[in-house]
Amino acid sequence: MLKVGVIGCGGMGRDHIDRLTNKIQGVEVVAVSDPVADNAKLAAAICGGKIYEDANALIEAQDVDAIFVVSPGFAHKEPLLKAIELGKRVFCEKPLATTAMDCLEIVNAEVKAGKHLIQTGFMRRYDKGYCQVKEALDSGMYGEPLMLHCTHRNPEVGENYTTPMAVHDTAIHEIDVLHWLTDDEYESVQVIMPRVTKYSHGKLNDPQIMLLRTKKGICIDVEVFVNCKFGYDIQCEVVCEDGSIKMAEPAYPDVRRDAKLSTTIDTDCFVRFKDAYDVEVQDWADKAKDGVITGPNAWDGYLAAVTADALVKAQETGQIEPVVTAVEKPDFYK
Amino acid sequence: MLKVGVIGCGGMGRDHIDRLTNKIQGVEVVAVSDPVADNAKLAAAICGGKIYEDANALIEAQDVDAIFVVSPGFAHKEPLLKAIELGKRVFCEKPLATTAMDCLEIVNAEVKAGKHLIQTGFMRRYDKGYCQVKEALDSGMYGEPLMLHCTHRNPEVGENYTTPMAVHDTAIHEIDVLHWLTDDEYESVQVIMPRVTKYSHGKLNDPQIMLLRTKKGICIDVEVFVNCKFGYDIQCEVVCEDGSIKMAEPAYPDVRRDAKLSTTIDTDCFVRFKDAYDVEVQDWADKAKDGVITGPNAWDGYLAAVTADALVKAQETGQIEPVVTAVEKPDFYK
Amino acid sequence: MLKVGVIGCGGMGRDHIDRLTNKIQGVEVVAVSDPVADNAKLAAAICGGKIYEDANALIEAQDVDAIFVVSPGFAHKEPLLKAIELGKRVFCEKPLATTAMDCLEIVNAEVKAGKHLIQTGFMRRYDKGYCQVKEALDSGMYGEPLMLHCTHRNPEVGENYTTPMAVHDTAIHEIDVLHWLTDDEYESVQVIMPRVTKYSHGKLNDPQIMLLRTKKGICIDVEVFVNCKFGYDIQCEVVCEDGSIKMAEPAYPDVRRDAKLSTTIDTDCFVRFKDAYDVEVQDWADKAKDGVITGPNAWDGYLAAVTADALVKAQETGQIEPVVTAVEKPDFYK
Amino acid sequence: MLKVGVIGCGGMGRDHIDRLTNKIQGVEVVAVSDPVADNAKLAAAICGGKIYEDANALIEAQDVDAIFVVSPGFAHKEPLLKAIELGKRVFCEKPLATTAMDCLEIVNAEVKAGKHLIQTGFMRRYDKGYCQVKEALDSGMYGEPLMLHCTHRNPEVGENYTTPMAVHDTAIHEIDVLHWLTDDEYESVQVIMPRVTKYSHGKLNDPQIMLLRTKKGICIDVEVFVNCKFGYDIQCEVVCEDGSIKMAEPAYPDVRRDAKLSTTIDTDCFVRFKDAYDVEVQDWADKAKDGVITGPNAWDGYLAAVTADALVKAQETGQIEPVVTAVEKPDFYK
């Protein structure tokens, strides 16, 4: 039984605590910590874990084997470095950290420690739809992938959602999952700004089309449309030399009614990726005994940060912007 | 140019006159006749044809090469027999006649005349959807057909529509098209009466499930549901030994809106089969020069009547009823 | 932690033991039993449970809270009666027993014991597809269900599979799930025998169409086609007064290749219903603490047996056969 | 009866002659001309028209009311100017002319003549699929269009097909139909060059992604992939403020076979757009009596040339290139 301490007990944190407690095999939440005391109390009520006022104390606790970091992104670096120092395994909700520099610091610490400890919480790699596409690609039946056409559509966002958040909060998932899907890395990016929907506001260009080119020359377009109104609609088509593979739509009944043949589109990302979260965390727990990270690692977290920075720059310049990492990918991650 | 006289100038008749005049190649409507003088006038205004008060005179007219019979079913026999007598080609809207005995009389007259003159107006054989299924079946790729699952759904019917009309006015189309599709004839029928929809009335069992068995043992089920509310929905799946073939749904855009991915279902049979009517009549006109009938012939019209009678009996008895023709299929029709 | 003893350690038994051990929360397999010693050893190796030569001893064991019966159907009755006697909760793979009379004996014993103990292993009620259809029906948006069109298609069966097995081994799943779906009971049944596929053999009419009428008058047709070659293809459409609901096809990518736009059809029932088995067993375990059975109970097992008997009779007579239970549904099960 | 003379009797020309002769109402081909005598003879054999060695003589012929220009693009300008001079109506297969300057000369001539005479042969505006999308857009139900995602995929091309031909011979159809669909004009273009498929050759970047921005800010991406191997696959999705509309796939049966549920993808553009050609030419003929052009006019032909030039430049520069017409759109065309 892997004994886990959870740092960050807001909505997402408690959701993970519930999952770890009631769905995941071989794991037990023994410790929780949150600056907001009420959050910690609510969390402890779910799992029965001990409340730590000090996150560092939680990380250091003898009976804590592994750490779940679900605090806000800006607060990730410190506990991650601490866990690495103590050689404790970590599941860190995305993002790894809020700047590429911080991410690199974490990467460097992990490399220096010489142990694979950190998994970054990009759950899409565990979604059945993406996995089916990946399996088809890996079968070799379709030749090399050449282009990807994707959508990341969301019913609506609040007034505080601004243009750069279309990268950091939304396209960030495509950034991770698509380079995994294609087994490739990004070379350059561009952002196209179409006419703005009437449902947007002054500080948000919505929709946007993000273009990413990989090192092998695969060209990816991602429509990011966060006020599309009609649903949470994630699409991904991979066009290969010998055929095209489009991710399945979520399965709902076909209904005939009112002169329409229709099926349901999800409206909530947590409904759409509900199973993916469960599979992700179970996989992390299962790999604990082998001491390996097969999910997104710290380097993937760093790559996401670097790519996101390039996209935000491209939003501003309208130009094609290179995606440049400060260092070569360490052998440690190959 | 084939010169056509049209008997029956109600809505359906004028629709055919418009088609013959404005869409069909190689045909001209030169004569029209209807007991209701206004109908005849409206018809003449479309095509410029001469008005005949007497239908017989129209059939006999020197400049009339061929006859279109679009009068009510009970009035079909007399002009058909007259046209056969004069050796004039006929397109007769379904039904051929309202009783099996009358149909047989027409068949016998045609056989005696020794010329293929009569096409019965079952337009579904000309529908692209059915033709694609037929082509697949005839390819031999799927082995023998074993079962057919069909629906004939209609949004709603009036209060005057009664239980037997589900056969005579509705399933009659399946009766013809399905034995053509399977190149087979019916052996027996049964009708199942499910729970009645709240949208029906005292004299109408709606829906009904009609079961037909062919001589080769193909088993067909047709859901006839005339108050289904949601659309005019014609489906046909043929299950074969090596695969199943389901007729295409009519093509409409895929729309994403209001948390639904939907496409349109037709609500009007004349929209659904609009192209089929055009192809049917053009084909009839094209075959005129060769003096052949490749569409539904008089024997098909008789078979439909015999099968419909068996189904109406089966509605009443709840039993499996045989489909028996009074004579063997004449060599003339083989 | 619910401590479970498993009786029957063949393939299906070991599959359940693996599930109980590695996937299900709150359960532990502490005891196994099988007449074949090797099966028991293999089973013990998965879960670490104690091997009992005598199934009765396993049921009586102090540390066994609940029983899983996965032995062949003919061997179910004895352990079920024993478990009822001891007041131990049971999960019994379908069928409850091999004759209606035996099922009724089990029902009577449970009623007499006055405790809800037995869940019958009809996993389809836990399939996401059926649950979505059930949810739509229960929403009231579609009015009353009038007809169900279903298929149970299987790629192929062995030479030992005979006509009655199309009921007992195949349609048995529809028998259970469809009366649950419609919240209704069966009144009568009929079986139609179409032309036989070239892939069948002398002792098997394949395909068959099974017709079931419920007490409310819902008419169900189930195409049972066990040598359909192309896949394991389970379909279910419910036609209601205000619309039709068709169960989702399993989700696979849409592939464009070789002039075809295609998606995958499952070929294995354990792939198709993999998740359903997991959900079924988790649900059974979760309900243990409340002492209730919300899944298929013993009465459902009895009903399935009675309905299957009527269908087998209908296979022979070609007639509509009534479905008659020997007793009224006990209040205990309402 | 509109009497038509056809200039250009190659394969496409004879196809149009067959259409005009055997499918289209109200038209008669009375004259044909082709530099290759055999082509003219084959053409005359179809329609019975008189052969003219000199195309000018054909245009001038008293009994020729209207001209069909189906010669190679470089030979269009002269007959078009001649026909304008004589005030004769013209259907000119695309392109209007091979340079923007020549197109403008034709436009200027038509404006000066003050009569709407020239229709350019972009048949997609007459395709049922595009018309359904247009109708949905024009309904106002979806708000303003913001983005279009399109594909123009072709199974394979010969060795002589080079990078710029992806614009002139392939994307030219999207150029016309998409600005009509959106009722907008192009402002700038860009071309992205993904990794090249193994099925291409040294002088062809295949696939390409063409990006077009309209004056209203609609952003269009067109995947042009001419060696996609799997089919002739034309897609068009219009993403609007209140929903997304995707053009219907061509309707073919749904087939279940070999563990696949599949439908057919066309492989031939003339099959895909067969009906569109017929509707296009019938519409042109029908409008002749009113002296109006409701299809693509000469200005549309000019716009297509200007846009194509910008795309070819963008292929070379990799930059965003403006689409600039030499003159404002004349009031004559508004």
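A few remarks follow.
Chains: A, B, C and D, in written order; residue numbering restarts at 1 for each.
Going forward, a residue touches a chain if its C-beta (ideal position, glycine included) is under 8 Å from a C-beta of that chain, and two chains touch if they have at least 3 such contacts.
Computed from a prediction, not measured in an experiment: that's the story for all the values here.
Across the assembly, the mean Cα position most removed from that of chain B is the one of A.
The interface with the greater count of contacting C-beta pairs, when B-C is set against A-C, is B-C. Rounded to whole angstrom units, the spacing between the C-alpha centres of chain C and chain D is 59.
Once the centre of each chain is set as its mean CA position, chain A and chain C turn out to be 39 Å apart. One inter-chain figure worth recording: chain B and chain C are separated by 44 Å, centre to centre, where each centre is the mean of the chain's CA atoms.
In chain A, the residues that touch at least two other chains are 229-230, 242-244, 249, 256-258, 263.
Residues of chain C touching chain A in their complex: 22-23, 25, 128-129, 132-133, 136, 141-142, 242-258, 263. On the chain B side of its complex with chain A, the touching residues are 229-231, 233, 249, 256-267. Listing the residues of chain B that touch chain C in their complex gives 143-144, 146-147, 149, 192-199, 207, 209, 211, 213, 216-219, 221, 223, 225, 228-230, 239, 241-244.
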